[in-house]
Amino acid sequence: MSAPEVPTFDVPNTATLTISCPDQRGIVAAVSQFLHNHGANIIHSDQHSTDPSGGTFFMRMEFFMRDLDVARDQFEGAFQQVVAQPFGMEWQINYATQPKKMALLVSRYDHCFLDLLWRKRRGELNVDIPLVISNHEDMRRDAEMFGIPFHVVKVTKENKAEAEAEQVALMHEAGADFAVLARYMQILSGDFLRQFGRPVINIHHSFLPAFIGANPYRAAFNRGVKLIGATSHYVTEELDAGPIIAQDVIPVTHRETPDTLMRMGRDVERQVLARAVKAHVEDRVLVYGNKTVVF
Amino acid sequence: MSAPEVPTFDVPNTATLTISCPDQRGIVAAVSQFLHNHGANIIHSDQHSTDPSGGTFFMRMEFFMRDLDVARDQFEGAFQQVVAQPFGMEWQINYATQPKKMALLVSRYDHCFLDLLWRKRRGELNVDIPLVISNHEDMRRDAEMFGIPFHVVKVTKENKAEAEAEQVALMHEAGADFAVLARYMQILSGDFLRQFGRPVINIHHSFLPAFIGANPYRAAFNRGVKLIGATSHYVTEELDAGPIIAQDVIPVTHRETPDTLMRMGRDVERQVLARAVKAHVEDRVLVYGNKTVVF
Amino acid sequence: MSAPEVPTFDVPNTATLTISCPDQRGIVAAVSQFLHNHGANIIHSDQHSTDPSGGTFFMRMEFFMRDLDVARDQFEGAFQQVVAQPFGMEWQINYATQPKKMALLVSRYDHCFLDLLWRKRRGELNVDIPLVISNHEDMRRDAEMFGIPFHVVKVTKENKAEAEAEQVALMHEAGADFAVLARYMQILSGDFLRQFGRPVINIHHSFLPAFIGANPYRAAFNRGVKLIGATSHYVTEELDAGPIIAQDVIPVTHRETPDTLMRMGRDVERQVLARAVKAHVEDRVLVYGNKTVVF
Amino acid sequence: MSAPEVPTFDVPNTATLTISCPDQRGIVAAVSQFLHNHGANIIHSDQHSTDPSGGTFFMRMEFFMRDLDVARDQFEGAFQQVVAQPFGMEWQINYATQPKKMALLVSRYDHCFLDLLWRKRRGELNVDIPLVISNHEDMRRDAEMFGIPFHVVKVTKENKAEAEAEQVALMHEAGADFAVLARYMQILSGDFLRQFGRPVINIHHSFLPAFIGANPYRAAFNRGVKLIGATSHYVTEELDAGPIIAQDVIPVTHRETPDTLMRMGRDVERQVLARAVKAHVEDRVLVYGNKTVVF
């Protein structure tokens, strides 16, 4: 059999530096000088300031590492000392050759779930998927078809605390760097979020802040809106109120019912979630307060 | 000087019949048979039922009148007797040669206002505009440039009842069939709506039901949404809660401020309002409960 | 295991009548009267005339059949005699309970192919898929996972005629009503089209008529366009020139390469193809000359 | 009368530096260090490389100038010597307090023309408009309403060379920095472009490269496309083939005629042209070969 035409996903030897710090003069100069001095070649650079006269400054720089003059540890140590500390930066560097590990949580709607698996398979998402957790058996066959361990953790009113503890333990064990709720129909508690301690991305099936909570398509139908949407956001303890990463809408008419809205909504849900996950994976999303910068 | 290339607006000899009634069998057959029998040729036909097994039925038929075998009065009388009455229809027929009269209310933002004037001038909207009412002088010159009488009615907390009575009187005197709030920054009272007794179309600068009330761009900024929108709806006594006619959104990023959102929003506001007004003018909008059918 | 939440696809007892004939008076009246007389209740009705004063008239009527007063054969026979013949109609009636049979042809890109399989599985497309034909082995596992017979027919310059004959034979044997090229990378000959004798739907990865032929993403890159698109059309002998069913685009920037354009384009390709296939399956597409009416 | 609510356009004391040069290491570091050393605070920064391993590098930096330590002349001279020359840069600095001068050329369609005048009036475009040139009288009243000198230069087959010379002379005299063809229905000769010697922006009423030349709406109608579009591009000697700045499309159906396509297209034409002009005015567009970088 000849090789597929589809290009294998080429992970280049690049790294991404993200920074946030109080806005002040000389940041770009200091960072770019540092990278240059150590042999890193900047490919992309984005910056944003919430207020140029004294807000918070955000930056994302993607660079080639081929000719780095020191080992990563030394490089990062030097950056902390020479640049980050003087400017009071929070920062991290991620390396394309070390893909993030994504845990998937799903219930019984398959569209977002399958879409992420396909994109991973096609090389559109530079992630590893070490596990899938569900409260139902339905997606087992699809998960296993993609070679991903599938865990069922039943969640009921009574066992919620233990069930969440088990989920968190599974994710920690698998080394998950973040979790995605690909239409997972349980509300996560604050304890879950604190114990997991890493970003959790959700897809909500409305244009937030319209139609928070359950049955947004029914609510959209009742209000007679002419667009329906989807919103992907980081999960916080307050329901559907976390920082928004991506949103989109599609036009609808009076002909739709709550059922056909739900059907049409799937396409926008999976697109929006995929966009948000991709942005997260590529370190394009920086959170401040309840908002995001998406470079 | 030679004539302009722009085609003059050709008002064809067409009429539009709109119907609503309890859904039942034989409606389409009865109506189309009636029109055919009287020499009317159906050009467009749209229908909708909220529930084919017993909901409300809506229909819009546009037809050529050239060869009508009787005068309009007789035609309408026969329709009432032969078709409308047996099926329990609410109905009306509007004639393209009798454009609706549109009153414009505006405050100080010119974009929606100018857009409607311009569309009227170039023949995109088959309306007459007998008057403009404002609480400010700002738009006088533009209104007069288009040859439209401009009335300033100052509205304050104290004089609101009399001011509204004066506005309604002006509109009645001018024969207005409907009114458009082209960014008119006063809330209309229930009394205004009842006394005017005709449809009032508003443009709200958000994707309703998100961000009801004042300062929606500020609220959108605070929530960190990735889309901003506009909603055109019929005005009811409950603020920003009337039946929605048209909505649209545009993507925005973290780079925007409330000011730049406001600036970007203008383009979507004027497009959405123009679309809603055009649909209303062409008898494409049928209201039921708090929702619309837009054919 | 409890039943999935996902609603099973409910095929209602409806039928769809599509008509084309010379425009003339009384068509709507005659058809709706006929349906009414035989106990059919019209749910949706759309009509279009290329020119109300003497063009071609197109109509699509969807109706409930529950209370039909005669058997289908008699119903269709009566329609032919009473309505179709006097007006010179070409027409057909399709029944929702008899799904169309769709043959899929695919090469090595999986996105359009998987998207159609997935939509079929979740009940979005009322079709049967009796077979998949490919010139490569790559998609065998996916096809079989969905329980669909998978045939490899190698096509080379030398064997093209026989290979096509084999493909057509396979499709005829499987009773295919139409075929979809879900990124099938071979040009079909006129002989193929004539021998198959049924509609073939293609997805082309550009906004036609821009970038006809091979490598449209490369061509789009070279021209520096700010949008890339996809076009789904019926296949005719002239390359990429058949009647267009659906098109869409997405914005792109100077940052993209031909490779990233190709990656981004997948999302729009699969959406556009799915939309076209759904419209075809629901008898919404009527062809005239090199154009389509899409109700 | 109290002041209008609409904020007057606040031109901040900012400048924009645009650069293109062969890609090489250390560019960002050198430029940002230079700006920092001279007291400029970078607000926005964008960069692009056609090929990080040896293509062309483009950069746009917007900065506050408040605390510049030297006069502009010295600042620019130092930049040339210290940064631009070593890296082989083509560059320019534009100051927000010195708006570009835009010449408008228009024929008889008013929509793009009025849209630009309105945006200027509202403060959305930081430009001066020293003159309007037309081959017809039609727009005189509108131009004069905005206080802009209006020149009619009749262009015929016979007098084309002199007419163009007169147009160029008028624009040079008025100090025009660039020209916009706001639906100007004459093809400019290569001589015009060379003698004017500055950028000329056109709006073409199709999604280029589809439907080059005259009557694109008619051509779109004939091909049966499901989207119509508009393209704004820099004018070059080859018709409709210059570098594309902005494009957009809107969906259309089989119901449209060439006339209604033309009417619908106006909205997308004026939006696309406004977007392109705004990008040009804000120094966001860098041309290379036949393509653009739009930051």
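Going by the order they are written in, the chains are A, B, C and D; count residues from 1 in each one.
We take it that contacts are C-beta pairs under 8 Å (C-beta built on N, C-alpha and C of every residue); 3 or more make two chains touch, one makes a residue touch a chain.
These numbers come from a predicted model, not from an experiment.
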item: Copy pair chain B, chain D: interface residue numbering same or different (half cut); value: same
item: Chain whose average C-alpha position is farthest from chain B's own; value: A
item: Between chain A and chain C, centroid-to-centroid distance (C-alpha), Å; value: 36
item: Gap in Å, rounded to a whole number, between the CA centres of chain D and chain C; value: 42
item: Touching two or more other chains - residue numbers and ranges from chain B; value: none
item: Complex contact set, residues of chain C against chain D; value: 48, 207-211, 223-227, 229, 243-249, 253-255, 290-294
item: Complex interface listing, chain C residues touching chain B; value: 25-26, 28-29, 32-33, 35-36, 41-47, 49, 52, 64
item: Footprint of chain D on chain B - complex, ascending; value: 1-2, 4-7, 107-111, 114, 118, 122, 124, 136-138, 145, 259, 263, 266-267, 271
